[in-house]
Amino acid sequence: MSQTILYKKVSRESKPENTIVRVGSVEFGGLHPVLIAGPCTVESENQLMAIATGVKKSGAHMLRGGAFKPRSSPYAFQGMGIEGLKLLKKASAATGLPVVTEIMSSEDLPAFLEHDIDMLQIGSRNMQNFSLLKALSKVNKPILLKRGMSATVEEFLLAAEYLMHQGNNQVVLCERGIRTFEQSTRNILDLNSLALIRQLSHLPIIADPSHAAGRYDLVTPLAIAALGAGANGLIIEVHHEPEEALCDGKQSLTLGSFEKLMLCVNR
Amino acid sequence: MSQTILYKKVSRESKPENTIVRVGSVEFGGLHPVLIAGPCTVESENQLMAIATGVKKSGAHMLRGGAFKPRSSPYAFQGMGIEGLKLLKKASAATGLPVVTEIMSSEDLPAFLEHDIDMLQIGSRNMQNFSLLKALSKVNKPILLKRGMSATVEEFLLAAEYLMHQGNNQVVLCERGIRTFEQSTRNILDLNSLALIRQLSHLPIIADPSHAAGRYDLVTPLAIAALGAGANGLIIEVHHEPEEALCDGKQSLTLGSFEKLMLCVNR
Amino acid sequence: MSQTILYKKVSRESKPENTIVRVGSVEFGGLHPVLIAGPCTVESENQLMAIATGVKKSGAHMLRGGAFKPRSSPYAFQGMGIEGLKLLKKASAATGLPVVTEIMSSEDLPAFLEHDIDMLQIGSRNMQNFSLLKALSKVNKPILLKRGMSATVEEFLLAAEYLMHQGNNQVVLCERGIRTFEQSTRNILDLNSLALIRQLSHLPIIADPSHAAGRYDLVTPLAIAALGAGANGLIIEVHHEPEEALCDGKQSLTLGSFEKLMLCVNR
Amino acid sequence: MSQTILYKKVSRESKPENTIVRVGSVEFGGLHPVLIAGPCTVESENQLMAIATGVKKSGAHMLRGGAFKPRSSPYAFQGMGIEGLKLLKKASAATGLPVVTEIMSSEDLPAFLEHDIDMLQIGSRNMQNFSLLKALSKVNKPILLKRGMSATVEEFLLAAEYLMHQGNNQVVLCERGIRTFEQSTRNILDLNSLALIRQLSHLPIIADPSHAAGRYDLVTPLAIAALGAGANGLIIEVHHEPEEALCDGKQSLTLGSFEKLMLCVNR
């Protein structure tokens, strides 16, 4: 099928020039890669402030942190919920960093809007939650759409098409690793698809080496690799005390490692 | 991790004997396999009645048919919605067959309850839509939970654990094919996992050879195979005029082929 | 591409009727499924005799057993080599069961011919060892060609085409499970492809549920499933003392379990 | 299992410092990445000379080109064989570039030695051709070992262990893309595993973005990405007239594109 028929709004055929998505003063798709950093999960005010001020100091442009968490088990920590949203905004106010956090259901949308969350993330497990996509298509908020862990490039771009279908043009894509036979690392960062999507679509696309690697010691090489393949930015899990983290501690950089990563990126 | 810790309610360690899930007079997990048949999508009253009466005549025990459809593209037919639910109940009343149909969002739950849908299906793309799982955990309705197309056995059972967590014990699992490198058929029916789940869990599990095959001429051998591996039932796409179907015509059996399949199954 | 161009000799377009491959009095592709059983590895005369007489008694038609073993590690037991070939023939003489065993290199072919091995197996890791395929294409011996663990149906049939290319028409295919993201079992038995190949090719195809399952307690359901999907036979790992086996003990049936499997198959 | 037991010779536990593999004056594993370039297949003297002199001029360090070709179909061009080896040496003599070319069977080893091929490549399909590995373990020639397209990191390193087992320490690994569900590109370049192997093993590892991409327009971003992830070099398919190439034309860079790639790499 010609791309024009398959995709009406996401393809370069429909819009040849790169789209710039703005979140406050941050620009995705512009000249410089955007660096998003923060913990897997908001755990407490102290934790979030320590991390937010740390990554800000190293040069991060945005803060990430989960308040509503998609956990495989009902017995795992499900996130702080609305309290987490409040802490994110507090950390944002203190550091000047806009925040991105995951929304898992359209039922939570009023709370995200009330707390004026800067950018809404759709997680991998919800990439084809079409009810959520339709709801966010009508919202005037930038969206960070993560690729499903076994979604094809076509399915990924069609999920973005759902978001744009009813008017939301502020879509940033995120490659976060795919599920394959190889399990010596958590997922495989698919830079083939990232580079291909740079050609197929005008939308910005960033990479998440933390979830792709699943272990902190591979995050930096994969981050550098992703930028080399053309990523418009990175989203990195950082924790001030990874071994104490409630979630994903194994794949979190320390503040010191993140500072080194920033030095590599800005070289 | 010991299964007792990983799973509290779905494992055989917690409940050694098979669970029987009843939908009207139909029993999943009993002595005989349950045969569910019907179209991919409810298209019209004539279409649904023709198929429902046809599959009933061949010996099907339940009727399937989509009213809310999860389509990869926003430009594909999205289903008849509530009108479809009404037609399903009408066909059910005419044939005596209980119906199962997919629910894509907890926001649609009141409509499903109002129309007294006999069994609610959670589709593959929503297997880890935790908001939906939580909502359906509190409902007194049998659930058909389809495995995500790249979900592990552990993730699949944990999704069932979410359903049981807040009280819904009427859960039937469905293996529908996994996504692999091999693409000469749509998905690969994973009977390893089906047979393994029969051991790990007391919940009934059925197979969907139609979606696994993606082509009608492989549905019957895969259906027989699934029963051989221990499936507690089958869900089969049937259309009276497959080449006219709005969706999945290529993998739909004709009424005649379905009748032959029923003869094989009952042999 | 039309099959006629892609495949010259393996396709049903080139030969509509089923091929019968004979090994002694055993017929692959005939009315009845062929049951091959035996240990992963020939370990000693006592071991092989105990297993061979046991499976013969239960009704097996052929004996399997590895003499040259493809092991991932150079430090794992590499097989008894030519001594193993001799023991296989001895067990064959004692039981009347023809034997099949793996050949890993064309350099070993003279030894296999000298000892008059009844059927030569090409293992999964050598499915695209084209030098070996070319050598065996010129030999007047039946071949059991196992599918590579990530070979597509097309690559599998083209490997068979290599065997037939220079005159060997006695080719039996074997589906043995594919490598996927799912790792709760060793591989996933791909009955989609088995059923598809029954349509595409006139060659017989059997299944190896032992390697697909990787654990003995799933072998029987997968064996029944494979026959349901249309397999022309089964190859099953059996050991008289699985917990003492040098290789693959976890997936080996005991003689007692094999006898029960035979009762299911012959029902 | 501890690495020391799993791997005796390939692991960093056994040898912490990086191994340098020398091919003529070229050093794999040293300070600078090694660039290997050339056609998929040697087609003629004119073709090879045009490409060899072109890539030399752009700064390539070694010449690649297939003489014995592993083709899925017996009806595809199988390579020029020994004549191809001769042309490679001629091109090498003319340009000063050492050559690497694939060996498919130990039976061909005398010819490779006679023509003094500088580096022997083991292709993806033969990564677990243990007879070939054992033969090359005893040879005093550097080996380029390509990862099987669905080999795990462990299997890959164990194949290298086979090579080192009987004394060959001159082993260079090559990541060339793995087979996954995603088929919008030929394979997925697995930089997770490349970065992991840099940690696990002292052996040099290079990347093959041409086979991973399967299309020329993704080769350069993937090449830059691989170096960012820590690759010790690249192997790139280059053809002076890609649209006329007998093999892999779609993924071959022109001489002009290769020159641009070299400028990026050396920046």
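As written, the chains take the letters A, B, C and D, and residue 1 is the first residue of each chain.
The working rule: a residue touches a chain if its C-beta (ideal position, glycine included) is under 8 Å from a C-beta of that chain, and two chains touch if they have at least 3 such contacts.
Since this is a predicted model, take the numbers as computed values, not measurements.
Where centres are the averaged C-alpha coordinates, which chain has the largest centre distance to chain D?
Of all chains, B has its centre farthest from that of chain D.
Sort out for me whether B-C or C-D is joined by the greater number of C-beta contact pairs.
It is B-C, judged by the count of C-beta pairs in contact.
Could you please state the distance in Å, as a whole number, between where the Cα atoms of chain B are centred and where those of chain D are centred?
48
Between chain B and chain C, what's the gap in Å when you average each chain's C-alpha atoms?
The answer is 35 Å.
Just the number, please: Cα centre separation of chain C and chain D in whole Å.
Here chain C and chain D have centroids separated by 33 Å.
Which residues does chain D have that touch at least 2 chains other than itself?
Counting only residues that touch two or more other chains, chain D contributes 150, 154, 179-181, 183.
Mind pulling up the chain C residues that touch chain A in the complex?
Of all residues in chain C, those touching chain A are 150, 179-181, 183.
Give every residue of chain A touching chain D within the complex, in rising order.
Per the stated touch rule, the residues are 150, 152-154, 177-185, 187-193, 195-196, 198-199, 212-213, 217-218, 221-222, 224-230.
Which part of chain D faces chain C closely enough to touch in the complex?
6, 8, 70-75, 104-108, 125-126, 128-132, 149-150, 154-155, 158, 161-162, 165, 179
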